[in-house]
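Next, two complexes with chain A in common: one pairs it with chain B, the other with chain C.
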Partner chain A sequence: MSKFQGLDAYTRRARYELLPFKFDRLEGDNYIITNMTGEYLEVAMPELHVLLAKDLATEHPLFASLRAKHFIRYADEQAPLDLLALKLRTRLSRLTGFTSLHIFVVTLRCDHSCPYCQVSRQMDGETSFDMTPDMADKALDFVFRSPNPAIKIEFQGGEPLLNFQMVRYVVKAAKRRNLDEKRDLEFVIATTLSLLTDEVLAFCYEHDIILSTSLDGPADLHNANRPRVGRDSFERFEAGLAKARNVLGVDRVSALMTTTDKSLPRVREIIDEYVRLGFNGIFLRALSPYGFAIKTRKFMTYDTERWLEFYKEGLAYILELNKAGIPFVEHYASLILKKMLTSNDPGYVDLMNPAGAGIAAIVFNYDGSVYASDESRMLAEMGDQTFRLGSILTDSYEDIILSDVLLDALEQSFTLSAPMCSDCAFEPYCGAEPVFHHAIFRDVLGRKAESSFCKRNMSIFKHLIGLMKSDVSTRHLFMQWANAC
Partner chain B sequence: MLLQVSTNPATPMVLRATRAFLVSEQELPEGYQHYLIPESLERRVQELEGKSSFTLLPNDYHYLGHGDIIRLDGQAIRVLFRANSGHNSLLVTEQCNHYCLMCSQPPKNIDDSWILDELEALIPLIPRETPEVGFSGGEPTLAGARFINLIRMMKSYLPRTVVHVLSNGRTFADECFARQYAEIDHPDIMIGIPLYSDDPDLHDYIVQAPGAFQETVQGILNLKRLSQKVEIRIVLHKQSISRLPQLCEYIARNLLFVDHVTLMGLEMIGFTRANLDALWIDPTDYRDVLSEAVGILAAYRMNVSVYNHQLCLVNDDVLPYYRKSISDWKNEYVPECEGCARKSQCGGFFSSGVRNGYSRAITPFLP
Partner chain C sequence: MAGLAELIFDSQLYGAEAIQKAAYRAMHAFTLDLKVDGDNILCKLIGNITTEHAAFERAVEEFRKDVLDYQLRAQLQAETAPIRNLIIGLAFSNARLNPSE
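Then we have the complex of A and B:
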C-alpha cells in the first residue's frame, strides 16, 4: 500500500452549511449569487435549488468555488467566518474615518451659462454670492473636527477662480492649521479653466493643488453645452489644459464630462476627444436631475434606456481601444468593479451604504449653509431645503452632524434594511442615494421598481458581469481597473 | 564540537582554541584546536602528527573557507555553515505534520532535538555580516518554544541578518504561539508558507493532511494581524495548476496583505518521483495558466515572483516577474540549451531536473 492517500481520502462528505448570500436572476435560467463582501458566482436555476437544499455534490464543478468564495462551509470550519468578517470590516473601514471630502462653494458667480447647470449666477462683480472670510474660518473649524486623517478640500462654484482670493485664503489658513493637525491634506479646484492665469497656476503649484475640470466632448458639443460670452469655452479649455499640465504635471489635471441629450449619439467622438487630449480615462456620467436640469426639463428629454445605450456603446468602444493597445479606463465601471472584484470599497458617494451624504462628503455653501452633499445644495437652489443641515455661522459641529435631517436620511435609506434593496443580489455593489430618491420621490427610499437610479445601476452591474464572463481578457482588464481606483 | 574555520595564521592565541585551521602551503601556526589538511597537502600530516588533532579533508570539501562552521565528531566532519554562500539554509527538524506529494526533504518521525542543540550552539558562531539565513525542515515550528528561541537568538546575535523561514504556517493558527513569535520583533524576518489551492480538500490532499488548509489560512491571518511578514509559496504541478487562477483570485480577495507570492517550478527529487503521475505536467503545457495567474496577482498589485522555471518555458508577460532563482552552484543546463543566447538570464535547472526529467519544449534562444 502506498504511503500516500488519494484525493478521495481528503474529500469531505459531511453536510455543508449555507453562509449568508442573496440571489437574483441575470437572464433566463441563469442566476447570480452574491455575498455581502461582494463575491459572486453564476449558478443555473436547477443547481441553485440543489445548493439551497444542501444537496450539491462535492464533485460538482461549482462546489470548490462555492467554498472558496465563502457561500458554504462545513460546520467546524472557522477560517471562512474569519475571512468574511475581515473582508466586511475592510469594506466598511472608511466609516471609521468619517468625513473626508469638504466642499467649499466660494462663489456662485460664473462666466458660463450652461443650460443644465445646477448652480450658477451670471453676475460678474457682484459679491453677494461669495463666501466671506468669517464663513471660511468657521468652515475650517468644522473641517478639522472630522476625525479623518485624510482631508480633502474641494473648491466649487460657480467658477471658483472668480473668487480666487477666497481660495487663497482657505488654502493658506488650512495649511497653517495643519502644522498642528498634521492631516494628509489635499486641495482640488473644480474649474472650467476659462479664467486660468499664470498667477493662479503658480499658486496651485506652490500648494500642490489638483485641478478638476470639465470636458464634454468635441469643440462643437462642448461649446453647445457650455455657452459663454465669446462662444470660446472649448478653446479656453484646451489652452488652459496645456498650460496647467505644463506647470502642475499631467496627472494633476483631471476632467469630468456632463452628458446631455446632445451627447447621446456621439459617445465615440466624446471618448476620442479625451484620447486626443491625452486623458487615460473618462467618467461616462448620467445627467443629474438637479438644478436647472430638472426645471428646464432637460432631464426628461431622454430616458434611462437611451442613456444605457450610450453608456454601453461607450464602454464597448473603450474595450476596443484597450485591445488596440491604448490603455483607457471608464471610471464609473472601475468604481463598480472595485466593489465586485476586490474586498475594498472605492468610497464613491453615490454608491455607498450607509449613504455618503454628510459622512463621506459635506458642503459649505457661499452663504454659510451646510449641506449633506453637492446634490443637496442643488436641490436647495431649487427651493427644497430638506438636506440643509444648518449654518456654519450659527450651528455647532454637533448640531450639524447629529441633526435629525442627516441621521434620519442615513438610517432610512440604509440598503440592508430598505425594501427591495435588502434582498437584492446587487446590493453589495450599489448605494443608498437618499438625496436622489428624495428629489424624485419625495422620500429618501423611493420606489425602487420605478427608480432610474436602480434601473441604471442594475443594468450596468449585469452588463459588467456579462462582459467579464464573455471574455477572459476583458475580465483581466477589469481586474486592473478595479485596482487602479 | 563546533569550530570556526580559519585561514588566518595571525589569529590571536586566545581565539585559536575555538578555531580549526585550514592548512595551506604557508607555514603552520601553532595552538589551533584542530587542523584541516586538504588531501592535496597530505604530505603536511607529518608536521602535525602526535602534536595536534587534525583531519584529512577529502576533495569534496574543496569549497571550505574562512568563516565556515564545521562540526567535528572524531574524524567525521559536517559543514554547518558556509560564510561565502548567500544561501545558508538551516534544517531545524525533520519532523513534519505534512507529507506533501512533492516533498523534496521527506520527513522523519524521530526525536531529532539534537539538531536544535547544534543550532543553538551554531548561531553565536555565524559571522555577523551574514546577509541572510534560512530555516527549513521538516516543519520548524514543531520545535515550539525552541523554535521561538532560535528566532530570538537570531535577533540577538545577528540583528542585521535577514531571516527566511519555510513553514506550513499551521502552528501559527495558535494565537498564543503567533504572539510569542511576533513579540520577538525581529527586524527583518519573513515566513514562507505554502498554499496550493483555494479548494481546502485539494490543498489537504496535496499536503496529505486533513484540516491543513484551515489551519494554514488562520496561521497566515494571525501572523498578518500581528504585522508579521508572510510569503505565500505555490509549487506548480498538475494538482495545483488545476485551480491556479482561482487560487490567485482567492489570495487577492482574502489575503491581499501578504508580502510576496511565489510561483515555483517542481523539483524532481524526494517524493515527487514516487508521485510523478499525479504531479508531472510539462511547464510548456501550463505556460498560459501561469501567465493568467501572474496577471491576476499583478493586477491586484501584489508582489509576485516566478521561481524555478526555464526562460524558454514562460510567456513574455511573465518576464517582469521571472527570477533567476536557482542558486549559481546548483544550476545546470541540458544539451538542448546548447547555443542559447539567453543562458545568462535563465535560472537553468536543478541538477535533479537534469537527471530525472524536464520539459520536452526546451528550446535555445537564437542570438
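Then we have the complex of A and C:
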C-alpha cells in the first residue's frame, strides 16, 4: 500500500468564491477581466458567464490563472485577501508621499512663437512676466512643507533660460534649506536648448540638473512647429544637445515631442530622428486642449481617431526597431504597461486616481499664483482661473492644499465613483484628469462616453493587450518596459 | 432625427440602473426615455442629430449587450462587496498614514 494519498485526496470539493473584479468587452465575444489591483485575464463570453455562475471546473485551463491572479478563492483561503491588500497598498503608496513635483514658472518670456504652445508666451524683453526672489522664497517655503522625502523642482516658462538668474537663485536657496531638510532633491530645466551657454551648463553640472527638452522630429518639421527669429530652432537644438550631453552626460538630457497635424503622416521619420540623435525612447503625445493650442485652433486640426492611427503606426514601428536589435521605448505605453503588469504606479499625473492635480504636482506661476497642475496654469493664461488655488504671497500652505477648489476637483473626478469609470475594467490603468474634462466639458467629471481622453486611452489599453496576446516576443518586450527603472 | 428604437426589458431580470448605465455609455449615439410599465421597462432610444443610421443601429446592438453586462456587473458587485471592503480595510489598516504610529 502506498504511503501517499492519491491526487484525488488533494482535489478541493468546495465551490470557489468570487473575488471583486470588473469586466469589459474587448473584440467580439472576448472580455477582459481586471482585479482590484489591475491584474488582468482575457476570457471568452461563455467562460465569463460560467465563471460568474461559479460553475467553472477546476480542470478548466483558466482555473489556475484565476486563482493565481486573485479572481477567485476558496472560502477558507486568507492569502488571496492579504495579497490583494498588499498589492493595493503598494499601488496607492505614492499618495502618502503627497506632492513631489513642484513646477516653478520663472518667466513667461520666450524666444519661440509656437502656434500650438500651451502657454501664452510674452516677448523676450518683457521682465514683468518674471518670477521675483520674494515669490521664489515663498514658493520654497511651500515646497518644503510637502511631506514627500523626494522633491523635484522643475523650471518651466516660457523659456526658463531667459530668467536664468532666478533658476540659479532657487537652486542655491533650495540646496541651502535642504542641508537641514535632507530630502532627495532633484532639479529639472524644461528648455528648448536654443539659449544654452557654457555658463548655464557649468551650473547644471555643478548642481546635477537634468535638462528636459523638446524635439518634434526632423529639422523641417521641428522648425515649422517651433518658429523663432532666424528659423533655426532645430539647428540650435542639435548643437545644444551635443554640448549638453558632453558636459552633463547622455542620460541627463531627455526630450518630449508634440504632435501637430504636420506630424501625423510622419511618425516613422520622427522616431528615426530620435534614434539618430541617440535617444532611447519617445513619448508620442496628443495635443492638449489648453493655451494657445485652443486659441489658434491647433487643437481642432486632427481628431482622436487620426491621432490613434498615428500612435499605433508609431508603436508598430518601434516594435520593428526592437526586433531589429535597436532598443527603443514608447514612454506612454511603458507607463500604462507598468500599471498593467506590475503592482506599482508610475505616478504619471494624467493617469492617476485620485487625480494628481495639486497632490502629485503643483505649479508656482511667475506672478505668485499657485495652480493645481501645469495644465491649470495654461487654462489660466487663457482667462479660466478655475484651478487657481491661491497665491503664495497671501495664502498659507493649508489655505491652498485644503482649498475647496482642489478638494472638490479631486473628489468629484474620483474614478471609482464616476459614472462609467466606476464599472470600467480599465479603470485601474486610467486616470481622473479633472482639468482636461473641465477644459472640454466645463465639468471636472465630464461625460466619459463623449470624452476623447476616455476614447484615446481605452483604445490604447485594448491595443496593448492585443499586441501582447498576438506575439510572445512583444509581451516579453513589454514586460521589460514595464519593469524598467 | 437619425434613428428611433423601442426595447422592452423584463424588470424581474433587469434593473433600471443597469439600463441607465448602458444608456449613459451610449450617449454619444442616442439618448434614452425610460418608463416602467408593470413588469416591463420600456426604453425609447432616440438617435442624436449627428448619429448616422448605420452608427445608430450599431449603438443599439451595443446597448443591448451593455444592458446584460451592467446587470451582471451589479450582481457581481453585490456579491463581492463585503470581501472588497475587507480587502480595502486590510490595505489601509497597515498603511501607516499617521507618522506617529
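Note that the second predicted complex is superposed on the first by the 479 of 485 C-alpha atoms of A that agree within 3 Å, B and C clash if a C-alpha of one lies under 4 Å from a C-alpha of the other, contacts with A are read in each partner's own complex, and residues count from 1 in each chain.
The criterion applied here is as follows: a contact is a pair of C-beta atoms (placed from the backbone, for glycine too) under 8 Å apart; a residue touches a chain by one contact, two chains touch by 3 or more.
Note that the structure is a prediction, hence the values are computed from the model and not measured.
Of the two partner chains placed by the overlay, only chain B lies in contact with A:Lys3; chain C stays clear of it.
In the overlay built on the shared chain, the residue A:Gln385 is in contact with neither chain B nor chain C. In the superposed pair of complexes, A:Thr127 makes contact with neither chain B nor chain C.
In the superposed pair of complexes, A:Ser417 makes contact with neither chain B nor chain C. By the document's definition of touching, neither partner reaches A:Thr197: not chain B, not chain C. Contacts of A:Asp82 after superposition: both chain B and chain C are touched.
By the touch criterion defined above, A:Gln165 reaches neither chain B nor chain C. Look at A:Asn246: by the touch rule set out above, it reaches neither chain B nor chain C.
Across the superposed pair, chain B and chain C both touch chain A at residues 82, 86.
If you check the complex, the residues on chain C that touch chain A are 21, 24-28, 65, 69-70, 72-73, 75-77, 79-81, 83-84, 86-88, 90-92, 94-97, 99. Interface of chain A with chain B (complex): residues 3-7, 9-12, 39, 58, 64-65, 67-68, 77-79, 82-83, 86-87, 341-343, 472, 476, 479-480, 482-483. Within the complex, the chain B residues that touch chain A are 99, 101, 197-202, 204-205, 208, 210, 213-214, 217-218, 221, 243, 246, 250, 252-254, 256, 271, 274-275, 292, 295-296, 299-301. For chain A in complex with chain C, the residues that touch the partner chain are 17-25, 36, 49, 52, 81-82, 84-86, 88-89, 92-93, 96, 147, 419-420, 423, 447, 449-450.
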